[in-house]
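Structures follow.
First chain A sits with chain B, and in the next complex the same chain sits with chain C.
Moving on, here comes the complex of A and B:
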């Protein structure tokens, strides 16, 4: 087996999930200047809901793919409703207040994790495989379902980048994150755009969760591991920068798969931290951060 | 306003009461409770000290852990006296904070927050990899000095009182004024010839010195430490104390730590609701009482609200 092909495939899988996750984090930061510690909880909520719905729906009469699709759709909608609720009753009051909103999201994250543990229990769940079989490409092996899910995730990421780069909403989002007062002077409705930004970010976390459902061992605190990596990715890339978050995610994914293969996973995490420190020494606001 | 003299007298009186009360705590559950409240007050005061420059220092948990492990190695592995363990813990935490602070305090706001958070998690992971200190399962047999076996709570309360008082005095000193000025406008401080970066590093080092001692006291109170005790959650709980108590005055973290630590014991009586308890405490405090218990007390006494500690970027 070709090691480089295998490592490339591994990095690709991991980075697809991280990109979706950190795109959401950086979007919320850009638009609302909120570092959302509870972002991982949206991701976790989708996974846990799917873990409840899929076994409940699963029957021989219904194809597994349809079960997953239905469960995914319901869970994503429920999570976005949860995001909408939190935006209106909590985050809206703390826009552009970095410390206050961070403290709030830390509290929310802790509270949600406690509730998850209470309602879903502490036993990890593994759902049935969506698609069986393995593929051999580029000299490496990958399960068919992982490849399909990775490709879908990359497609979502590309569509999202197109949306931000080319559409009117995307332009408004970028204008607001660059200078929200100037954007308001141009007639961009800041409040509505902030809500859209928050919901899009929630959707990205939710869809990342839904896509990982068939391949992840699901437990109540599944979000926190992703959260730390996502934070490191956007700090390296530069808070609020879309290309930065993608570069950061890819870097983190490569370190994780290569470091995890040659050394061990905890050394890879240590390596990420050292690299983050080095990047911050040279560029205190991340690779793509300005100012 | 309360005059300076009455407040000094009342602080001394309260300290004396706390010390005398701790003498009767013995060695049972009451003793543990006294120690936990005291150490949590110390950690909250340490966390708040870095808030003076407007930063949230989640590396606190990392420095507490370092202090705990260093002091544990000193007494349990090397058989050194407790005093040396205490100093060793403080010095180790200070030295590491000087290095880490020098690099990370070039950043500020969310960057510093996230890096300090990552620092804590990385340190915790390193502990799990070292066999000498017990790896994942942790270290056992860290006992307080024989001389103080019965009066360990009093020793802890005394050390905490001294350190909190020192932090308070520092806050009132010229250094404290510079720190608050950095929070309000660091460029302005730079223009009058003060080295902002080194002052920030000094602030973190002082806070970490205290955190290291807190860790040493904690390790000798619990007798057992494991990497899981020093995850970022420790810093998040500390943040909850400050938010509930109020951050505008040093009484806030003291009040918050005492109230929440005792309430948490009640909540623990119903089941494993630690996450929900602290999570909702933070959310309620942030949403409903922005200046914490201290703010509510000041309002009911008819005093003017003081400026918020955490800068709004």
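Moving on, here comes the complex of A and C:
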């Protein structure tokens, strides 16, 4: 085993999940100025729904990949519907209200965790592997399915970056993020764009959950485990900044991977918080933050 | 008497009978503080379930009699999420809100320490399964440990593993970075060293970790003969073993706190095979008592997991408490705690006692067999069952 190759592969697979997760978080903050602590629950909801649907659909007559695809599609749609409902009846009323949205999202997070525990139970579940086998690349080892899912996740992130950078919707999202009043004066429908931003963020959390379903252990509070890392990533990268969230995600994945190898996972986690504090001391807006 | 009057009279008699029955059987609430969600959820959920089985059985048999009065038990369980912060909230809920004076199940050294800070002051008797040595002793007269801990398990487990793998010379240890992990790691380091095994590294991870690839890479690179996964719950241990398998490591795997093969094999797959466990038992085998066999079937039906020693400990707590309440003829936790170490009482294992004074300076440790098991082809196989010498002596003496 070439240790540098292995550390690269570890960083790659860890960062892919964090990028998808933190993109959604930063998008919501950018557009609505809402720090959404319930974001992890959208991610968790998809995983929990897939954990129910896959065993239910699984039969020798249906290929496993198709089972996962069907379960993923249904779960993502259900999560998007949940996101739409919460936006209309809760988040819409607390846009650009940092304190109100903080209380709201923390409350929603706790409520959803409680509901997940009630409906899905607390026992962790591991779904069957989608693709069997391991690959050896650059002297390191990785399971084939992790590599495939990582590449898909990176593709989704690239598409999302393109959408933000090059499409009319992306330009509207960026305009609203920079100055929503000026954007409205230019004829951009702020409320509609905010809804789109929220739904895109929910979709990103949902797709991250769907991609991780075959490789992660699923439990009622799986979302909160990822939420902390996602927040560290966007705080380091700069709240509201898309490139910042990607840089932050890669940075914490590298710290987790390299720190976990040379020291241990606990010290690596500590290292992330130290780096966060240093970044905030030197550049309080984060690496790419501008407002 | 008109028909209507007859009906009123019958209703009045029924109400009187119900009232008398309620008065005859006052309810004693018994608390549980254990993880009901997350990687260790199956331990807490199973513990609550087992305690309810004991309470239901006692209630069905007429309850218990203390000072001429009949009582029945009711189980109240809270999720401590395996951490001190939640453990503190659970302690407040159980002791201050529910006014519970007896806790029959507690998992996790950190949440149990949080519970203890309140229970000892408020005079609440607690039966726990926390692994830390620091949670019992003369300074905690109201605390009793209801299942084996590393001080009972590690030495016989490691000796057995080495006897089966005599070429093993080195070990790498991984533990959760909390009170349970810290206390077990100290004992494990000493136990391996005492058996002539070189400890290459001792590593820590946070509960809730989702990415185990980095630590798997580190451990694989050190090429240890043995990897000891310490207090990692089955879900975490399963992922870790899977990652070790991806990297091609296939040495001797030891999971002292391994409670069952089901989740370990489901998550770890083939990489979990061969893992030695010190905290599981085959409760479906002829080595187990009929009570344990019935409980095992119930657990399988309820949670698709076989019964483990951690879960069954709450069943035994309820029976230990009943025996001590009746023997002391009191509901005062202090009087009950005073009589507990002197009793021989019935549990799911059969007759047993509290002992362990030589280790803890106070007889607060239940004496039950150490069961060493191994995952073979995804199933748990019990390799050996070791009955503590202290239990043999006490039962032979009849006191």
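The rule is simple: the second predicted complex is superposed on the first by the 290 of 291 C-alpha atoms of A that agree within 3 Å, B and C clash if a C-alpha of one lies under 4 Å from a C-alpha of the other, contacts with A are read in each partner's own complex, and residues count from 1 in each chain.
Going forward, a contact is a pair of C-beta atoms (placed from the backbone, for glycine too) under 8 Å apart; a residue touches a chain by one contact, two chains touch by 3 or more.
None of these values were measured; they are calculated from a predicted model.
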{"item": "Clash-or-fit label for the pair chain B, chain C on chain A", "value": "clash"}
{"item": "First, second, both or neither for A:43, with chain B first and chain C second", "value": "neither"}
{"item": "Chain B versus chain C as contact partner of A:285, first or second or both or neither", "value": "first"}
{"item": "Contacts of A:269 with chain B and chain C, given as first, second, both or neither", "value": "both"}
{"item": "Touching partner for A:87 - first (chain B), second (chain C), both, neither", "value": "neither"}
{"item": "Touching partner for A:104 - first (chain B), second (chain C), both, neither", "value": "first"}
{"item": "Which superposed partner A:68 touches (first chain B, second chain C, both, neither)", "value": "neither"}
{"item": "Partner chain(s) touched by A:117 [first = chain B, second = chain C, both, neither]", "value": "both"}
{"item": "Partner chain in contact with A:21 - chain B first, chain C second, else both or neither", "value": "neither"}
{"item": "Chain B collision site on chain C, chosen from 56-64, 110-118, 254-262 or 326-334, when both complexes are overlaid on chain A", "value": "110-118"}
{"item": "Doubly contacted residues of chain A, that is, touched by chain B and again by chain C", "value": "113, 117, 266, 269"}
{"item": "List of chain C residues in touch with chain A within their complex", "value": "35-39, 41-42, 44-45, 79, 81, 177, 203-206, 208-215, 217-218, 220-221, 235, 238-239, 246-248, 263, 266-267, 269, 303, 305"}
{"item": "List of chain A residues in touch with chain C within their complex", "value": "1, 3, 6-7, 9-10, 13-14, 113, 117, 121-124, 126, 129, 134, 141-143, 216-217, 219-222, 224-226, 256-262, 264-269"}
{"item": "Residues on chain A engaged by chain B in the complex (per definition of touch)", "value": "29, 33, 35, 90, 93-94, 96-100, 102-104, 106-115, 117-118, 228, 231-232, 235, 239, 266, 269-270, 273, 276-277, 280-281, 284-286"}
{"item": "Touch list for chain B against partner chain A, complex", "value": "54, 56, 103-104, 106-107, 109-111, 113-115, 117-119, 121-122, 125-126, 128-129, 233, 236, 239-240, 243, 272-283, 285-287, 310-313"}
